[in-house]
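What follows is chain A paired twice: with chain B in the first complex and chain C in the second.
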Partner chain A sequence: MANQQPQTLASEARHKKILTIVFTIICVIWVLPVVCVAINSFKLNTFVKTETFALPTEESFAGWSNFITGMTFGNYPFWSAFGYSALITVLSTALILVCCSMAAWYIARVDSKFCKVIYTLCIFSMVVPFQMVMFTLSKTADTLKLNTPWTIPIVYLGFGAGLAIFMFVGFVKSIPLEIEEAAAIDGCGPVRTFFLVVLPMLKPTLISVGILEIMWVWNDYLLPYLVLDINQYRTIPIQIQYLKGSYGTVDLGATMAIILMAIIPVIVFYLSCQKYIIKGVAAGAVKG
Partner chain B sequence: MKSKAIKQSSQIKSTRHFWWLFLLPVTAAFCIGFVWPFIQGIYLSFCKFKTVSSAKFVGLSNYASAFADESFQHSFWYTALTAIVCLVLINVIAFAVAYALTQGIKGSNIFRTIFFAPNLIGGIVLGYIWSMIFDGILQQYGTSVVLETKYGFWGLIILMCWQQIGYMMIIYIAGIQAVPEDMIEAAKIDGATKAQTLFKVIIPNVMPSITICTFLSLTNGFKLFDQNLALTGGLPYEQLADGSTINTTEMMALNIYNTFYSGTGASRGVAQAKAVIFFILVAAMGLAQLSYTRKREVQQ
Partner chain C sequence: MAEVSLKHITKIYPNIEKTKKHHFGKKAAEPEKKSNLKVTDEGVVAVEDFNLDIADREFVVLVGPSGCGKSTTLRMIAGLESISGGELTIDGKVMNEVAPKDRDIAMVFQSYALYPHMTVYDNMAFPLKLRKVPEDQIDQKVRQAAETLGITQYLDRKPKALSGGQRQRVAIGRAIVRDPKVLLMDEPLSNLDAKLRNQMRAEIIKLRKRINATFVYVTHDQTEAMTLGDRIVIMKDGVVQQVGTPQEVFNEPANLFVAGFIGVPQMNFFDGHLEKTASGYVLDALDTKIAISPETGKALEAAGVTSLDVTAGVRPEQIQLANADEPGAMSGTIDVSELMGSTVHVHASVEGYDFVLVIPTIDFDGALGRSFADGAPISFKFEPNAVHFFDKASGKNIIKP
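Here is the complex of A and B:
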């Protein structure tokens, strides 16, 4: 580097400065859609369509009324949808993490013929689009009474097991067997070996898989829409689609208010565990 | 080392006693959530049915109807076009951004964070955010995103770029950062220009990332549903010569969904056959990707 001419160094520094400015502008444009939602959630319905990009004026400003309307929009309280979304996401993710890590360890260590079949089927299930099974899955879930927010995690466990098992098995295989042998010599049975020795080592993969499942389940629309009893239980995507889809004239202001309320927790979640999210997403890139 | 082998096998044996704890929950849920619906789905694609219990075997006629269905053919070409345009745009832009953000410019981390953020917003919400924005622009010209096919098409492309560029960028950044520093340094000493370093050193070395991202954006494009439903819902209609209508911006997944659930449900057999065709198409791409990534893992 020392023999580089100071002139080129200076021009490189200038290039970098220009790039920073260009990217700052692009990033401002990048967040504009969300800003636009925020602005419009404070506007009266009639002005959302005609003055989409203007700041609220005295005439178009709606105050908090959109949020108040949005709370009970379509005769369904928004907080119920929010609560059910959170409940389903937390339960499903927890269930997938616990059950799939256990199964993956068993599959990686026991390695019987049956395990190989299950593992192959799991990989296969990753490439099957949901439309292939949506009708039969929703009927099966109905028959087995898996159509409530407390039981739908079982459906998520079944349909989402593929990716989780794939990622866990990959990681378990990289753990040296000697550690578990040592635990066995010290008198640990398989259950204690798994929960006290293996599970703590799985932490990075648990976080990655957890992030991927949270993002999937929280945003999922079609599976809960087909499986849940819509009149009683709605998640946030279902509620939003329901409002837009079923009414001739939509209260756009209130819709934007709901969308804003749906996005804010996602942004908070993202900013608080950004590092893990980006890592988890990169790790899950193998999924087809 | 015989004693070690015995020790191991006895350990595995005692693990095996706990199959009901470790393996049974996932296996049971997997059968309910995937294996049984999948087998039943294959079977039903050969049946005429409204509900599962009223299924009557009709052989291949569902497949014949599916292939003859003009709306399905249209949705295939429309999906393929969308997927390929998305693939090219997303990957080129994402790579360019990733390359720029690995040059050590100020604020790289903040830019990365912002670019990735839209990826966390769900498809339905995305669709409505952008339909508001597009309609806000288009109403000044007296039209709307659901009134003209070209607006629906480019609208979806813009939406997909906004959502997915950040995601692909993350994978590319990881790929570019994994290129050995001394390799780039050596190219510089040999007098390579920046462009030469990029095309002759960096791009060949991030080929694995490029392949993964290409497959990912292709399958994502084909499986697109939520965004399509929320942005245009397949609108506008177009009347064909024989009186039937097609939704011009309807993609394959939405076409299958509509065949299942709109109307009286009389063509559910055809819908299931379409779903099988769709599955074969997507699975072929997915398996090609998996076998590629696995081969790479072996090489490493």
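Here is the complex of A and C:
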């Protein structure tokens, strides 16, 4: 600030105007695909390709028919895909949050070789691309019966742990040790210290990690596709893929409708947690 | 009833630096240089052979410069730090391996360590809730403690919305709600500004009369130590230097370190030579021969002194201005003088030694007619009785055994 050229108020106002315009354009570009999906999900299939960016007209408007087609498509009910997606997302995220926050607390507070090794491994796991391990993984998952929606969260825990532990450890280290010592004197054992004192303080990080994991698991395609028995269990991304495959032709309108259905929960979730997301990200920025 | 007894308590931190040296080369050597702690094969000795019996309801203050092991000692009493050697008993029960929550102690931390996600009320109720105290009793105790500390109007706030002084009160409140046997405090006032610190100090004195606990209080501020403590433990580099009442440590410091540490401004030190003559002891220092009073002489005789190089010490308050031609008067030049209000602190140098004199301004009249200008000459004297003698080699007080 100090070495900036002194600016007149007028030029500052002009700068602001330019910035506003630039960012508006960026925002529009950013949301355009989502808007396109929303628009096209209400258009008849034939109009999706020809008038992609146009609003639905009287002629092209399809009403709810795309949604109905999409949801009753093929021989797999959409609602079970939705249910499995939700189940896997909720279970995985919960498992990651609980296990990783506990592990991170231990790693951050216990000063031993073992912890350092574990921490390094966790960091390292973030660097290994999924594609490198996916085939051995799907075999292993099959053998260990991790191929159902109730057990696949364990696989997600393995993949999510790296980032989650990294973020939690950073935050735990910023919590003064004295607070936990005060808890120990006040009458908490390790378990109560963690759940009554540490966990509530971790709230901002819990939220930001939770959001990252929810987005990732909800949208993930490859892992459930490789691990789950596709005839029995499908998540929404897999179901969308099947809409495309089965007849050789693609019902784009129905696809858009389902994509919209898949996006809506994430958007609702984002809007309801917006306050915490910004807080959590900021907390991570300062303390991470 | 809570007597706390520390017998040969020792704390050794395993030497981490040794292993780190391989990685960081030069850097690791630095922290060792800073402190004068003893380093053994096992590690850094942070507290060495600490012996103290604390009576029920006594207020003991641990005081010493930074890094001398005060907090470590306190944390060993609390059970937050393992005890490397010796025995800690509270009420006759050995506590070395007992978990902090089962020692019936409470602690106030320097950083307050309040739970940020709980309201003031919940912070104070937390230890009671964990002990399954009935809800109505919790409410009564919390409100009573809040009343005592004057924080009733903040009970619904989170700690974030409080000032330092208010947070400190909450921390004290959380410690006293459950009537602990022993109340440990680690520099509770050092984050407060000077005025608030004085105020809180007075409140701790009041508080202590109201509650039935044994206090162990850590500070590096000797004023706090002198005003609060029934007994003061002065530590340096992990070793106890002296244990005594405020009067004792002030009037009969065990060694040079205690003499210099207790008292503001510091005691004035100068080298001299003690000689036994036919007419009694004579201190030869600062170009003057000072005859030592017979009482002190007797004590010196008992200590077996005949001829000895000593470091002598005189408290600034015990020096009076004098005329240059008076017998026993010393002369020097003024370096700086500081007007403190009711007194003037005059810094003078005599024969290469720095002296501080505290001169009450009330006595100012024309009689001595001096102005304390920088560079002006000054003469002063002190009663031979006021002089403390320390062995020049070991620093020990010669008279006090």
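Assume the second predicted complex is superposed on the first by the 235 of 288 C-alpha atoms of A that agree within 3 Å, B and C clash if a C-alpha of one lies under 4 Å from a C-alpha of the other, contacts with A are read in each partner's own complex, and residues count from 1 in each chain.
By definition in this document, a residue touches a chain if its C-beta (ideal position, glycine included) is under 8 Å from a C-beta of that chain, and two chains touch if they have at least 3 such contacts.
No experiment lies behind these values; they were computed from the predicted model shown.
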On the A-aligned overlay, A:A184 touches which partner chain: chain B = first, chain C = second, or both, or neither?
both
When both complexes are superposed, which of chain B and chain C contacts more residues belonging to chain A?
B
May I ask you to decide whether A:Q131 touches chain B, chain C, both, or neither, giving the answer as first, second, both or neither?
first
Which superposed partner A:V110 touches (first chain B, second chain C, both, neither):
first
Applying the touch criterion given at the start, work out whether A:P176 contacts chain B, chain C, both or neither, answering first, second, both or neither.
second
Chain B versus chain C as contact partner of A:F159, first or second or both or neither
first
Using the superposition on chain A described above, determine whether A:T151 touches chain B (first), chain C (second), both, or neither.
neither
Going by the contact rule set out at the top, does A:K203 touch chain B (first), chain C (second), both, or neither?
second
Is A:R192 contacted by the first partner chain B, the second partner chain C, both or neither?
second
Following superposition on chain A, which residues of chain A contact chain B and also contact chain C?
181, 184, 189
Chain A residues touching chain B - in the complex, by the definition given at the top
16-17, 19-20, 23-24, 26-27, 30-31, 33-34, 36-37, 40, 48-50, 52-53, 99-100, 102-103, 105-107, 109-110, 112, 115, 118, 121-123, 125-137, 139-141, 144, 146, 154-162, 165, 177, 180-181, 184, 189-191, 194, 215, 218-222, 236-237, 240-241, 244-245, 252, 255-256, 259, 262-263, 266-267, 269-270, 274, 277-278, 281-282, 285-286, 288
Touching chain A in the complex, chain C uses residues 78-80, 99-101, 105-107, 109-111, 113-117, 126-127, 130-131, 174
Quick check on the complex: what are the chain B residues that touch chain A?
7-8, 11-12, 14-19, 21-23, 25-27, 29-38, 40-41, 44, 51-52, 100-101, 103-107, 110-125, 128-130, 132-133, 135-137, 139, 162, 167, 170-171, 174, 212-213, 215-216, 219, 222-223, 225-226, 229-230, 233, 253, 256-257, 260, 268, 271-272, 275-276, 278-279, 282-283, 285-287, 289-290, 293
Which part of chain A faces chain C closely enough to touch in the complex?
176, 178-179, 181-189, 192, 196-197, 200-201, 203
